[in-house]
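In the two complexes below, chain A is the common chain; its partner is chain B in one and chain C in the other.
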Partner chain A sequence: MPEVIIDGKSYTYEGQYKLLQFIQDLGKEVPFFCYHPSMSIPANCRQCMVKVGQYIIDRESGEHQLDEKGERVIRWFPKLQTACNIDVADGMVVHTQETDELVRRAQKDNLELILINHPLDCPICDQAGECPLQIQTYKYGPEGSRFEVKKVHKPKRIQLGPRVVLDAERCINCTRCTRFTEEISKTHQLTITRRGDKNYPTTAPGLEFDDPYSLNTVDICPVGALTSADFRFKARVWEMNQTPGIDITNGKGCNIDLWTRDNLVLRITPRFNKDVNGHWMPDKGREAYRLFNENRISRPLQILDSEQILSSWNNAIATFNEQVEEANKKEILVIGSAHASVEENYSLARFSNLLGLNQPVFVPHIIEGTGDGFLITDDQAPNTNGCRLLGFTELDQKSIKKAVKKASLVILLSDHLLDRGVLSPGDLDGKFLITFATNHSDTTKRADLVIPITTAAEHAASYVNVDGRIQRTIRAKETKYTNRRLDLEMSEGRLDRYGTNFDNWVTEENKIDCVPVWSFISQAAGAQDLDLVLNEGREIMDEIASVLEPFEGVSYHLMDEQSGIRLHLDTKEKTKT
Partner chain B sequence: MAYEFTKEDLKQIEEIKSRYPAVMPATLPVLWVAQNRFGHVNPDVQKLVAETLGLPQAHVHGVAEFYTQYYKEEKGKHVLDVCTCLSCQLCGGYDILHYLEEKLGIKKGETTQDGMFTLNEVECLGACGYAPMLQVTNDQYVNHLTKEKVDKLVDSLKNGEKPQYEKIGMPQHENI
Partner chain C sequence: MSTVDWKNYEPVLIPDIKDLNKIDVYIKQGGYKAFESVLKDKNKWSGPKSVVNEVKEANIRGRGGAGFNAGLKWSFMPPVDGGPRYLACNGDESEPGTFKDRKIFEYNPHVFIEGALIAAYAMEITTIYVYIRGEYRAYIQMMEKAISDSYEKGFIGKNILGTDFSVDFYVHSGAGAYICGEETSMLESLEGKRGYPRVKPPFPAQKGLWGRPTTINNIETLAHVPAVINRGAVWFKNIGAENHPGPILYGISGHVNKPGVYELPTGVPVLDLIYDVAGGMRNGKKLKAVIPGGSSTPVLRADQLDGITMDSDSLRTVGSMLGTAGMVVMDEDTDMVDVLWRIAHFYHHESCGQCTPCREGTGWLEKILLKIKNGEGEVRDLDLLLDITTQMEGRTICALADAAAWPVRFTINRFRDEFEARCKKSVYALA
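And then the complex of A and B:
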C-alpha cells in the first residue's frame, strides 16, 4: 500500500488525497485560510506551507539511496509547497511546522504579511473567538509587527446585501466568498475588485448580494470581513451555548447549530452533514431563531365570554377533557401536523386511538415552485413524510373543509391552518377549536383553547425530511419546567461554568410556560383514568420503533451515531413529495 | 447614457468568441472592443459586455477592475501616463510630471476641461533604460523626455497626430 511519511511517522493510505486534507483527517494540523473542502483550491493565502520531498530510489537496484550514515537520501522540492493543493504520493516525505524550523518561519512570515494591512480590531470584531486568523496568529504568528507606517484603508460597513455587511479592511482575500457564489450557490454575485493591497470582494455596481444562501459566506469567511447584518454585535461567541438541531423551516431538514444565551436563541448556523446539507443552509432557515424567542404562547389561553384570556394548566386540562367527553365521538376531528415532530404526532394519534377517535389527518404544506433543487424545498414543513409514515391520511383543502364541517370539536396540532389559507374563519363557526401551538397567529387567536407547546429548540424530537431521512433535535433552551443543571443532554457554555449568577441565565421571562405535547396528553389521559403514559421523546421513539414498521430499528442512539437514518419511503408516496 | 455595440463590433465579438473553447476567456478582448468604441468601460459598459457575452456582471466587473489599462470612467482623449518609478525619478520623471501639470493646468489624476488630456503618475512601465518616459493612452512610449519633447508631443496630439513608435538601439548591438 502506498505510504507517506509525515513528521517522521509513516502512514499508509488508499485513494487520492490532497496533503492538507490528509493531515487534517489524521487529526493533525497545518494552518490555512483559503482552502475549503467543498470548493475549488486556489492556493492563494499561502499559509499552509510545508516542506515536501521524496526518497531517492536507485533506478538500477530499485533500492533507497543511502547517505554515508546509512540514512535514506531525500530529494526535497526546491521550495516549500502549499499543502492544500499538492497530491499525496507514494514515498512522499513531509515536514510540517511541528518538526521544521523553515516551515515555522515561512508560516510566521506569511502571517506577518497578511497582518500588515489587517486592522487588528478583534476587541470590537464579531468574529473574535471563532476567527481562524486570530487563532492561527496566536499559534503560529509573529509576536509583533515590524510595519510602522500607515495601513491601507478600504471601505468599511458596506451593506453588500440585505443580510451581509462587509468590512473590506479585515478581508484577507482568500476568495472563499466569491468561490461560494460561483461554485455552490451559483448566483455569481461576488467578485474581487481592484488588486494588490487594495482588493476586496464586492458585487457588480448597482447590484445587491441578495443570494438566498448569502449568509454562508459569513460562516466561511476566515476573518471578520463578512458579518451578519442581523447578528452583528449581539453576542460574543464564548457567551453562547451551541446545541445541535434540525432546521424546521422547510422539508430538507438541514443540520444546524442553535446558539443560545440566557435561554434565547441568538443565531442559527449550519452543521456539517454530508448526506443532507454539506456545510450549508439557506438564509431563511437562520431567520427561524425568531420563532423560538418571539411571539411565543406562554400559559394556556381560553376563550371566556368571547374574549381570549390566560388560563391555568388545571383549567386547560379540565376543559380539554370536558370537551372530549361531551362531544359526540363521531363529531371530533383530530388533525395532525407536518409542522410537528414524529413524536408529537404519534402522541396525538395514541390518544385519539385510545378514545376511539379518528386516526389523525393532516394537510401538507407544500407550495409548488418555491424549491430550488438544492436546500430550499417546495415543502414548507419539516415532517411531511413523518406524518405519512405514521399512516395519517393526507387531505387537501377541499376534503379538510368537508371534514371540519361535519365536526363539532376540532383538535389541531401545531398548524396555522387559518393563516395559510387552508381554512377560513367561516369554516370554524360554531365549532370548538382546541389547538396545540408554539406561536401566536390568527389560528390561535380564533381557538377556544390554546395549549402552548415546546418548539424544536425546547424538546428532543424527530423529523423525517423530504428524502425520508429521520433526524432529531436536542433541547437548547429551557422552559419553565426544564432545568439545564439537571438535564444532562443540554449543552453547557462557558458562562454556565464560570459565570456569576448575575451574568448567567437568569432572565425568567425568556423561559416559556409550555410543555411538550406528550406530557399534556399524558396528563389529560391521566385525569380521565386512561392508561397512557408518554414520558419523553427518546422513549416515545422506542415505542414507535417497536409498533410501526416504517420506523423499525430507529432509536435516538442510532440517529445520533449516524447523523440521521434513511427510512424506506413508499415509492408511491415518494413521487408525491 | 445607453451604450450599444455597433453591428461591426458584434461581428468582431463573435469572431473573438470563436477563438476560445469557452466564453469566459473572451472577456478581456471584448472589454478592449468596448473601450475602443466608448473610450472607457464604466459600470454601464461593463454591464453591456456582460450581457453581450452572457456572463455574470460581477465577473466582468472584477476583470475590468483588475487591469489599470481599462478605464473605469471617462478619460481625456489622450491619457498621459508619466512614470515616476526609480529610474525615471532619478532622471527627472517628477520634473516632467510637474511640467505637464503646469502646462495643462491640471493636477495628476485630472482631466483638462476640453476633455483633451488626462494626466497620471504611474509606476514602472519597463522602459528604465530610456528614462524619463511616458506612455500615451495605453499605446506608444515617448522616451528620453525633455521639456521640448513634451511641448512637441502635446502640440502634435492636439493636432491629432499620434507619436511614432521609437526604435531604440542596444549598447551590445552597438546601434545606439
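And then the complex of A and C:
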C-alpha cells in the first residue's frame, strides 16, 4: 500500500487525498484559513506551508537510493509547499511545524503579515472566541508585531444585505465567501473588489447580498469580517451553550447547533452532516431561533365567558378529560401534525387508541414551488414522513373540512391550521377545539383549551425528513420543569456551570411554563385510570421501534452514533423536495 | 567566450523599412512566406510536429522574462482530442523598463501575426488570442487593423491558402493590471474574470483557457518564429550568446543619450549597449547602476558590469537576470532610495491581493521605504526590509512577490551606504 511519512511517522493510505485534509484526518493539525473541504482550493492564504520531499527511487533497481549512512535519500521541493493543494503521493516525506523550524518560521511569518493590516479589535469583535485567526495566532503566530507604520483603512459596518454586515478591515481575503456564492449557493452575488491590500468582498454596485444562504458566509468567514446583522453584539460565544439540534422550518432537517444563554436561543448555526446538509443551512432556518423565545404560550389557556384566560394545569387536565369523556367517541377528531415530532404524534395516537378513537389524521404542509433542490424544500414541516410512517391518514383541505364538520371535539396537535388557511374560523363553529401548541397564533386564539407544549429546543424528540432520515433533537433550554444540572444530556456553558439562579443575568421568565405532549397525555390518562405511561422521548422511541415496523431498530443511541438513520419509505410516501 | 559581433547584425524583427506595418509592404518583403511554407511545402515540413521540432531546435528562449525554450513549451501540448485548444499571446508588457512588444505592434505587426499562425499550425490550434495591455490603446487599434488585413488576404480564417487549416485571431484588451501579464491571470482575464494567478499544477498546457489545453507565448517570442522557419534553426542558434541565442529587442531607457528599442543579438556587453548603441551617458555623467531586464530584476552597480553581457548565464554570475532585456540606466545623480521606493510603490499598487505575503508584504515594504525616503527611517528598518523580503520570496502562487522582493533586497544590499545615509542614527543606551 502507498506510504507517506509525516513528521517521521509512516502512514499507509488508499485513494486520493490532499495533504492538508489527510493530516487533519489523522487528528493532527496544520494551520490554515482559506481551505474549506466543501469548496475549491485557492491556496491563497499561504498559511498551511509545510516542507515536502520525496524518497529518491533508483530508476534501474527500483530501490530507494541510500546515502553513506544507509538512510534513504530525500529530494526536497525547493520551496515550502501549501499542504492544502498538494496531493499525497507514495514515498512523500512531510515535515510540519511540529518537527521543522523552517516551517514554524514560515507560518509565523505569514501570520505576522496577515495581522499587519488586521485591526486587532478582538475585544469588540463578534468572532472572538471562535476565530480561526485568533486561535491560530495564539498557537503559531509571532509574539509581537514589527509593523510601525499606518494600517490600511477600508470600509466598515457595510450592510451587504439584509442579514450580513461587512467589516472590510478585518477581512483577510481568503475568498471563502465569494467561493461560497459561486460554488455552493450559485448566486454569484459576492466578488472581491479592488487590488492588493485594499481589496475586500462586496456585491456588484447597487445590488444586495440577499442570497437565501447568505449567513453561511458568516460561519465560514475565518475572521470577523462578515457578521450576522441579527446576532451582532448579542453575546460573546463563550457565554453560550452549544446544543446539537435539527432545523424544524422545512422538510430537509438540516443539522444545527442551538446557541443558548439564560434559556434564550440566541442563534442557530449549521452542524456538519454529510448525508443531509453538509456544512450549510438556509438563512430561514436560522431565523427560527425566535420561535423558541418569542410569542410563547406559557401556562394553559382556556375560554371562560368567551374570553381566553390563563388557566392552571389541574384545570386543563380536568377540562381535557371532561371533554373527551363527554363527547361521542365517533365525533372526536384527532389531528396529528407534521410540525410535531414522531414521539409527540405517537403519544397522541396511543392515547386515541386506548380510548378507541379513530386513528389520527394529519394535513401535510407542502407548498409547491418553494423548494430549491438544495436545502430548502417544498415541505414546510420537519416531520411529514414521520406522520406517514406512523400510519396517520393524510388529508387534503377538502377532506379535513369534511372531517371537522362531522366532529364535535377536535384535538389538534401543534399545527396552525387556521393561520395557514386550511380551515376557516367558520369550520369550527360549535366545535370544542383543544390544541397543543408552542406559540400564539390565530389558531390558538380560537381554541377552547390550549395546552402549552415544549419546542424542539426543549425536548428530545425525532423528526423524519423528506428523504426518510430520522434524526433527533436534544434539550437546549430549560422549561419551568426541567433543570440543566439534573439532566445529564443538556449542555452547560460557563455561565450555567458557575453561575447561580440569583445572578443578575438570570431571567426566570425565559423558562416557559410548558410540558412535553407525552407528559400531559400521561397525566390526563392517569386521571382517567388508563394504563398509559409515557416518560420521555428516548423510551417512547424504544416503544415505537418495538411496535411499528418502519421504525424497527431505531433508537436514540443509534441515531446519535450514525447522525440519523435512513428509514425505508415507500416511494408513494416520499415527498418531493 | 567569443564576443558577439553585434555591429554587423542585420535586424529581422524591426528592420528599417518604410511602412512595414502595412500588409502589402510586409508581403513584398517576403512576409507570410514562412507560414505558407509550413502549410504547403510537404517536402520541407512533414507536418505540425516537424515545425515544433525546428523551433525547439532553435532554442528560442521566451522573451517574456522566464526564458523557457518556446519549442519545448509547444511540445507539452497534449494530443488533439477534438476539443478546442488555444494560443494566448501575451502582449501585456507592463513592467517598468519594458517597452519592446509595442515596437512590434507598431512597426511590424505581421511578423508577430505570422509567428502566431505558425505556432497555431504547429500545435494544431484553431483559436488565437492576443492580450494587449489596456494602456496601449493605439497599438490595440493597430493590431486590430493588421489582423483584419490579414483576414482579408486569407492568411487567417477558414481553409487558409486552400488548405484544411483554419484559425481565428482575436485581440483582447487588458484593463490596466500588471498582474494580468502573469500567464495564468491573463487566462483568467481572458475568461472575463478577475486577474488572479492560478495555482499550478495543472499547467496551462493541460488546463488553460476555459479548462482546455493552452500555450502562452510572449509577442517577441512568436515574432522570432518566421525567421526561424525561413532561415532554419541553425541560423538562429548561431546568433548571439550560446545558451540564449537569437536576436533580441533591447529596450534601453534612463540616463542615456539615445534611449529606445534596439534589435541586436543576445549577449551584447552591457557597457557596449550603453556607450555605443544608446549613445553614451546623458550630459557625460558617470554610470551608477543598471537594472538589466525590467524593474523586477536585481539592480547592478557600475563596477559589476565589466565584461558582463546581456544573456542569462553572464548576468547570473553577478546576481541578476536577463528578464525582458528592458534596461534602465541610471547616472551618478540618481537617488537609489527614491528609485527603490518608486519600484516598491509600483508593486504595492499592482499586487492582486490574492496571496497573503505579497498582498501585505508589498504595502509594508513601500511604507517603510517611504519613511526612509522622508528621512524618518532608522537603520534597523533596513534589516526589517530584508527580513520582510525573505518572508515573501517563494511563498506565493505567482512570482509577483519575488518580483517585488528582489529589487528591495538587492538594491539595499548593493547600495547599503546610501540607504544608511538617509536613515536617522539609531541610538542605543549604554548598558
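To be clear about the criterion, the second predicted complex is superposed on the first by the 566 of 577 C-alpha atoms of A that agree within 3 Å, B and C clash if a C-alpha of one lies under 4 Å from a C-alpha of the other, contacts with A are read in each partner's own complex, and residues count from 1 in each chain.
Here is the rule we go by: a contact is a pair of C-beta atoms (placed from the backbone, for glycine too) under 8 Å apart; a residue touches a chain by one contact, two chains touch by 3 or more.
None of the values given here were measured: they were computed from a predicted structure.
Asks: Once chain A from each complex is brought into register, does chain C clash with chain B or fit beside it?
Replies: With chain A aligned, chain B runs into chain C, so clash.
Asks: Would you check which partner chain A:K252 touches, where first means chain B only, second means chain C only, and both and neither mean what they say?
Replies: neither
Asks: Between chain B and chain C, which one contacts more residues of chain A in the superposed model?
Replies: C
Asks: Touching A:R195, do we find chain B (first), chain C (second), both, or neither?
Replies: Touch partners of A:R195: chain B and chain C.
Asks: Should A:P205 be classified as contacting the first partner (chain B), the second (chain C), both, or neither?
Replies: first
Asks: For A:K154, using the defined touch cut-off, is the partner it touches chain B, chain C, both, or neither? Pick first, second, both or neither.
Replies: Neither: A:K154 stays clear of chain B and chain C.
Asks: Which chain A residues contact chain B in one complex and chain C in the other?
Replies: Chain A residues touching both partners: 191-192, 194-195.
Asks: Tell me, which parts of chain B touch chain A in their complex?
Replies: Residue list for chain B touching chain A: 43, 46-47, 50, 56-62, 65-66.
Asks: Show me the residue ranges of chain A that touch chain C in the complex, using the header's touch definition.
Replies: Interface residues on the chain A side: 41-47, 49, 78-80, 85, 106, 109-110, 112-114, 116-117, 146-147, 149-150, 152, 172-173, 175, 191-192, 194-199.
Asks: Chain B touches which residues of chain A in the complex?
Replies: 178, 181, 188-195, 202-207
Asks: Can you list the residues on chain C that touch chain A in the complex?
Replies: Going by the criterion above, the answer is residues 177, 179, 194, 196, 199, 348-357, 359-364, 367-368, 371, 384, 387, 390-391, 394-397.
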